[in-house]
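Note sheet for the following structure.
We call the chains A, B, C and D, going by the order they appear; numbering starts again at 1 in every chain.
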Amino acid sequence: MDLTFNESESAFRDELRDWIKANHPGEEPAGEDEGYAFRRDWQRQLYKAGWAAVHWPTEYGGRDATLVEAAIFNEELARARAPFPANVLGLLLAGPTLMTWGTDEQRQRYLDPIMSGDEIWCQGFSEPEAGSDLASLKSKAVRDGDDWLVTGQKVWTSGAQYSKWCMLVARTDFDAPKHKGLTYFILDMEQEGVEIRPLRQITGDSEFNELFLENARIPAENVVGGAGNGWTVALTTLMNERAGLAFGLQVGMTVALDELTEQLAAAGKLDDPMIADELGALRIKCEILRLTAYRGLTATMKYGQPGPEGSLTKWMWSQGNQELMQFATKALGPQALTGSSTWGRAMLRSRGNSIEGGTTEVLKNIIAERVLGLPRKK
Amino acid sequence: MDLTFNESESAFRDELRDWIKANHPGEEPAGEDEGYAFRRDWQRQLYKAGWAAVHWPTEYGGRDATLVEAAIFNEELARARAPFPANVLGLLLAGPTLMTWGTDEQRQRYLDPIMSGDEIWCQGFSEPEAGSDLASLKSKAVRDGDDWLVTGQKVWTSGAQYSKWCMLVARTDFDAPKHKGLTYFILDMEQEGVEIRPLRQITGDSEFNELFLENARIPAENVVGGAGNGWTVALTTLMNERAGLAFGLQVGMTVALDELTEQLAAAGKLDDPMIADELGALRIKCEILRLTAYRGLTATMKYGQPGPEGSLTKWMWSQGNQELMQFATKALGPQALTGSSTWGRAMLRSRGNSIEGGTTEVLKNIIAERVLGLPRKK
Amino acid sequence: MNFDFTEDQHEIKRTARELLAKRSGPEQVREAAEGEAYDMSLFVELRKLGWTGIAIDEQYGGAGLGVVELMILCEELGYALAASPFLANALGGLMIEHAGSDDQRAKWLPGIASGEATATVAFASGGTAQVVPDADGAAVIVLIEGDEATLIARDDAQVEPLITIDPTRRYARVSASGGEPLPGDVASALARAEVALSAEMVGIAQRTQEMAIEYAKERKQFDTPIGAFQAISHRCAQMLFDTEGARSATYFGGWAADADESQLAFAAAIAKAAASEAALSVTASSIQVHGGIGFTWEADVHWFFKRAQLDATMLGGTGKQRARVTQLTAASLATAGAA
Amino acid sequence: MNFDFTEDQHEIKRTARELLAKRSGPEQVREAAEGEAYDMSLFVELRKLGWTGIAIDEQYGGAGLGVVELMILCEELGYALAASPFLANALGGLMIEHAGSDDQRAKWLPGIASGEATATVAFASGGTAQVVPDADGAAVIVLIEGDEATLIARDDAQVEPLITIDPTRRYARVSASGGEPLPGDVASALARAEVALSAEMVGIAQRTQEMAIEYAKERKQFDTPIGAFQAISHRCAQMLFDTEGARSATYFGGWAADADESQLAFAAAIAKAAASEAALSVTASSIQVHGGIGFTWEADVHWFFKRAQLDATMLGGTGKQRARVTQLTAASLATAGAA
């Protein structure tokens, strides 16, 4: 057991840290479009220096970074309060999915523009009627000569307005059972059959969109992993989502908790035993999340998959982050709920944590059935 | 709205309070048998003064007390730290069930000895395989001339060793669906076919027993509410259990919380903000339980049934009491877990609160389906 | 012992429910919230109906009814999430009526009762109250600092309107020096205000509970209404648990305010604590039951969640109430023990 | 970064699991608990295997391994709920080895390492420790009061055996005046003891979680294994959540004790807090999953619940740990800010 970074991990961290220090782009500008452009520029900068996709194999332009190094990458970015690259879904989800399931031509065509940020990707899985029950999705794709024509509706598509490509899952066989008959496509967003409508969240922001597809055209060579194999391919994407994002989120929670602790200390509130107690409880949760995430990484590196602890980090994070934000707005007083504070909005945003990327209820089902081996709900 | 006692309620309370003061039997002796004999004597004393079954109609020897007066009876007993009468299941469950479903002969025969404590009653519903799922019970009764012969096993039968009669539910029709085909009997405990084995709890005490029945004989006239109608009759008993017991339990929790508050005050611990906070939270729960129980009484008296709040008191009590006991042993320090303290044992006993008389899980199902109208689990 | 409303009180409740269903439906609440402005015609209607003066003495133009009747209205206004300065005005009115001098009452209560010159109240520290409901439109502001309360005419205060996360109500920061002290029993006036505020939160919890249950019956996942899954149905049962508990405590507070002052401090503390916790947990839980939809601006549940956040902080949070409950019970046990 | 045991450590864990399955199965635990006496042949076997000296320096007859190896044994002993003075002896040994003088070490550690003259440790107030594990059979007792620790030979202490709710372990009240102070770093020795104690609680949580899951797969109600109901299955998932979280924290503590003293105070505090909460909640939850059966003496789950209650209070409760975590992080953030 060695919870320090080994020599090569340390070297990786030091090199990265120096590079970020020298190249930090400053604070993200206000405004959604401005922020996006800023993060896209930042990705281009990372790309030029070879930092955009550290976890990708070197043959695709990555650094073949270990899981620990990839974690370090997220930690360092967050600690330096540097932005994350714009094309996060491309880097974490689309890229790895194409590496596993794509054809040589697809890899050749798509991977480099993902890394450079030249082509942004979004994800078209969720539908209004198929939330937790992804396999029941209804968007349908029918053959039209060499192409497929897709019609349907998607939701929770973040970054759609900036995207060139969409990882799309649609139903291609209506006679097959629910999980069969789905196909995974690469959809060109720049066409008439694709309409994007921003989906406003309770914060007032629109991180997400609805996607309306009407006979959107997809050439046959844009099928990933073969027709009818979409469920399996989508699972690859989802696995990457869970593994890749958890680490960044953990760091985000630590940064927020540090900030809160500093603010409460500055306000002289740490002498209040109730505040010290709740803050301690949150710190414990935050550390446990960090430690459990690292345990999962080690298990994955040594045994090819995380142990039971690997299924817990998303849940730990969403619960911990919600408690953190609720506590922050309580401990800092009602001013934290006004426009002059960022905490109120962060607290609102945190309500989505237990819903996005798999509701906590569905996560518990998965843990009960797959990790604990309890009988499946009937 | 009037949360004070009206004139007749006050008169009832004053008369009772004076009587208890004059007749208080002192502290219950140690030893299970000794304690039981003591409570049986106490019941005889209550009976002679007309206080044993205040909630029964006058025609059966009660006082036709209102629900509020019955609540006052329990409150006053608890506040005076006087024991509850020995035949509590007879008074609260068997008596009212016989009044609703019994024949004239049955009422004539059984009610007075219930009240006097001459004949103690126990309840034979639960079975090892049928816990939360009462309707799946397997004890079977078959006709033998004018009698029934019952074979099977019952659990959680409190007071069986002192009982003359048992409210027994057994299956009499094996072709009928689960809820049909049950019959409610009055079983004579003093016979060869009935074997009682004490069931030890985690506290080390044996409040409960297992009952082994092998061709136990029941004359046909001891069927209550007609053969095949046992499920409906048993529900009457269970409704009385929930309504009648909740009030006494609420008072028990208040008494314990008062005692804890006094002990913590004496130890100078109320100045600890953490302790004051948790104690305040518990007091709030305790008061809410009391208030909600009274709301349920009012609704039942005015509209014939409690509102949605009526389903909550058992759950409120079990959760509150468990938290109270866990907090007590924490706040009083490890001494509370030693033999010189009653808190450790009370804490252990409280683990049963969320199981006995319907698990919290089953209560939530009932609330969801019957109160909130949510669809039934499939 | 009768823990139920009178027929008249039930009638007030029914009338309020029906009126507000028409006048403060989801669309109207949304319009007010998105416009960050009240539909003042609603408030005018409430004024004309005499709601603003319901608990104010007849000599000042009120209806002379009690805190129980006011509580019923506040619960229904919370249930409807009505966007109006009603609550702040009622809370300020309670302070002045129950802790003010005769002169102060005579000067301010008529305007509060008619709703033409409204009041508000908030906790302050060093002469500044950070987040005060409806202060900008008020005629008079009561600031409570420690055990003292001060009455300040709007024009003598610095009032700086604020954006908060709750756009269904207007808030402002208020600073003032001077003002007139309220000479009466500030604690007992404040307790009444806490009860009225608690009632709004009970209404919020009730409504979001109903929204969750309705959604859980309709929404299907895995070919089953989600309300058939215990993860959802038990969560809904928990909402009932929280809401009904808060209701029991709040009604006790209303009764104590009108009928038994000796229990008022205790009752108000448990009401405020229970109603705050219920409103916070039930609204959050309702968002969760609604899933992704609940996280969108288009669903209505977030307005309730946001209002609950601000309400829960008003007039002191749960921690303060719990400590007070312990103080009060320890004192009463000590008295009983000494007697 | 490698958050996993070495092959040797895995081997220690496997060996301990196998041995204890044979030597401390449910029947043996029950016999010891009901008899309120240890099976001393088990302790003799652990001594012979060198477990008692696993983390003690070789010069005192120990194996010279680290807190990580000790932690592994403690977790397995908790998993088996072994009835033996092992834990108290190990905790006392950590105190003397890491805070004692050379003379104290030389005098006591050989007996502790061999298990022939055992130690124990507890918090005291005014010279009295209310509930001390295995004090009556110990040769030496360490009492911690404030920041100081005192070493007392058994014969110089008043030791009064106690009945507690946990009959799987012997406890006593200890009073003493005088004794020798431990001159070294008491806080860091205590942190090691907290980690070892936490490991026992992780083992308890792990075992009762497994018992619940096994029962939930087998027990049927409404013609369905109860583990198919979310009320049960989600409760089991919560047990995993609590147990694995406590394990992450405890292993961090073990590593910090052996490899990074600068993180030890922090790591031990989160380990003790998380493991206490996990052991309390998982054992209570496991009783609930077992339903009526879980409330009977005949089921085994209550022994674990009872041990957890005593363990959680040992060496200071969760409240103390949380406050310490906040102190430590505030200080480290202030340092980082100043740098």
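Heads up, the rule we're going with is that a contact is a pair of C-beta atoms (placed from the backbone, for glycine too) under 8 Å apart; a residue touches a chain by one contact, two chains touch by 3 or more.
Everything numeric in this text was worked out from a predicted model, so none of it was measured.
Chemist: Specify the chain most distant from chain A by Cα centroid.
Modeler: B
Chemist: Any chance you could check whether B-D or B-C wins on number of contacting C-beta pairs?
Modeler: Of the two interfaces, B-D and B-C, more C-beta pairs touch across B-C.
Chemist: How many Å are there between the centre of chain A and the centre of chain D, using C-alpha atoms for each centre?
Modeler: 39
Chemist: Cα centroid separation between chain A and chain B, in whole Å?
Modeler: Going by mean C-alpha positions, chain A sits 53 Å from chain B.
Chemist: For chain D, write out the residues touching at least two other chains, lowest number first.
Modeler: 229-232, 234, 319
Chemist: Chain A: which residues touch two or more other chains?
Modeler: 273-274, 277, 361, 364-365, 377-378
Chemist: Would you pull the chain A residues touching chain B in the complex into a rising list?
Modeler: It comes out as residues 272-274, 277, 378.
Chemist: Using the touch rule from the top, collect the residues of chain B that touch chain C in their complex.
Modeler: 1-6, 9, 68, 258, 261-262, 265, 270, 273, 276-281, 283-285, 287-288, 291-292, 294-295, 297-299, 302, 308-309, 312, 315-316, 361, 363-365, 367-369, 371-378
Chemist: Over in the complex, which chain D residues touch chain A? Could you list them?
Modeler: Chain D reaches chain A through residues 1-6, 9, 68, 213, 216-217, 224-225, 227-230, 232-234, 236-238, 240-241, 244-249, 251-252, 254-256, 259-260, 270, 273-274, 319, 321-327, 329-330, 333-334, 337.
Chemist: Please give the residue numbers of chain B that touch chain D in the complex, ascending.
Modeler: So the residues of chain B in touch with chain D come to 126, 129-133, 136, 155-156, 199-202, 204, 274, 322, 326, 329-330, 333-335, 337-340, 344-345, 347-348, 351-352, 354-356, 359-361, 364-365, 377.
Chemist: Within their complex, state which residues of chain D touch chain B.
Modeler: 130-131, 162-166, 171, 220-223, 229, 231-232, 280, 284, 287-288, 291-292, 294-298, 302, 305-306, 309-310, 313-314, 317, 319
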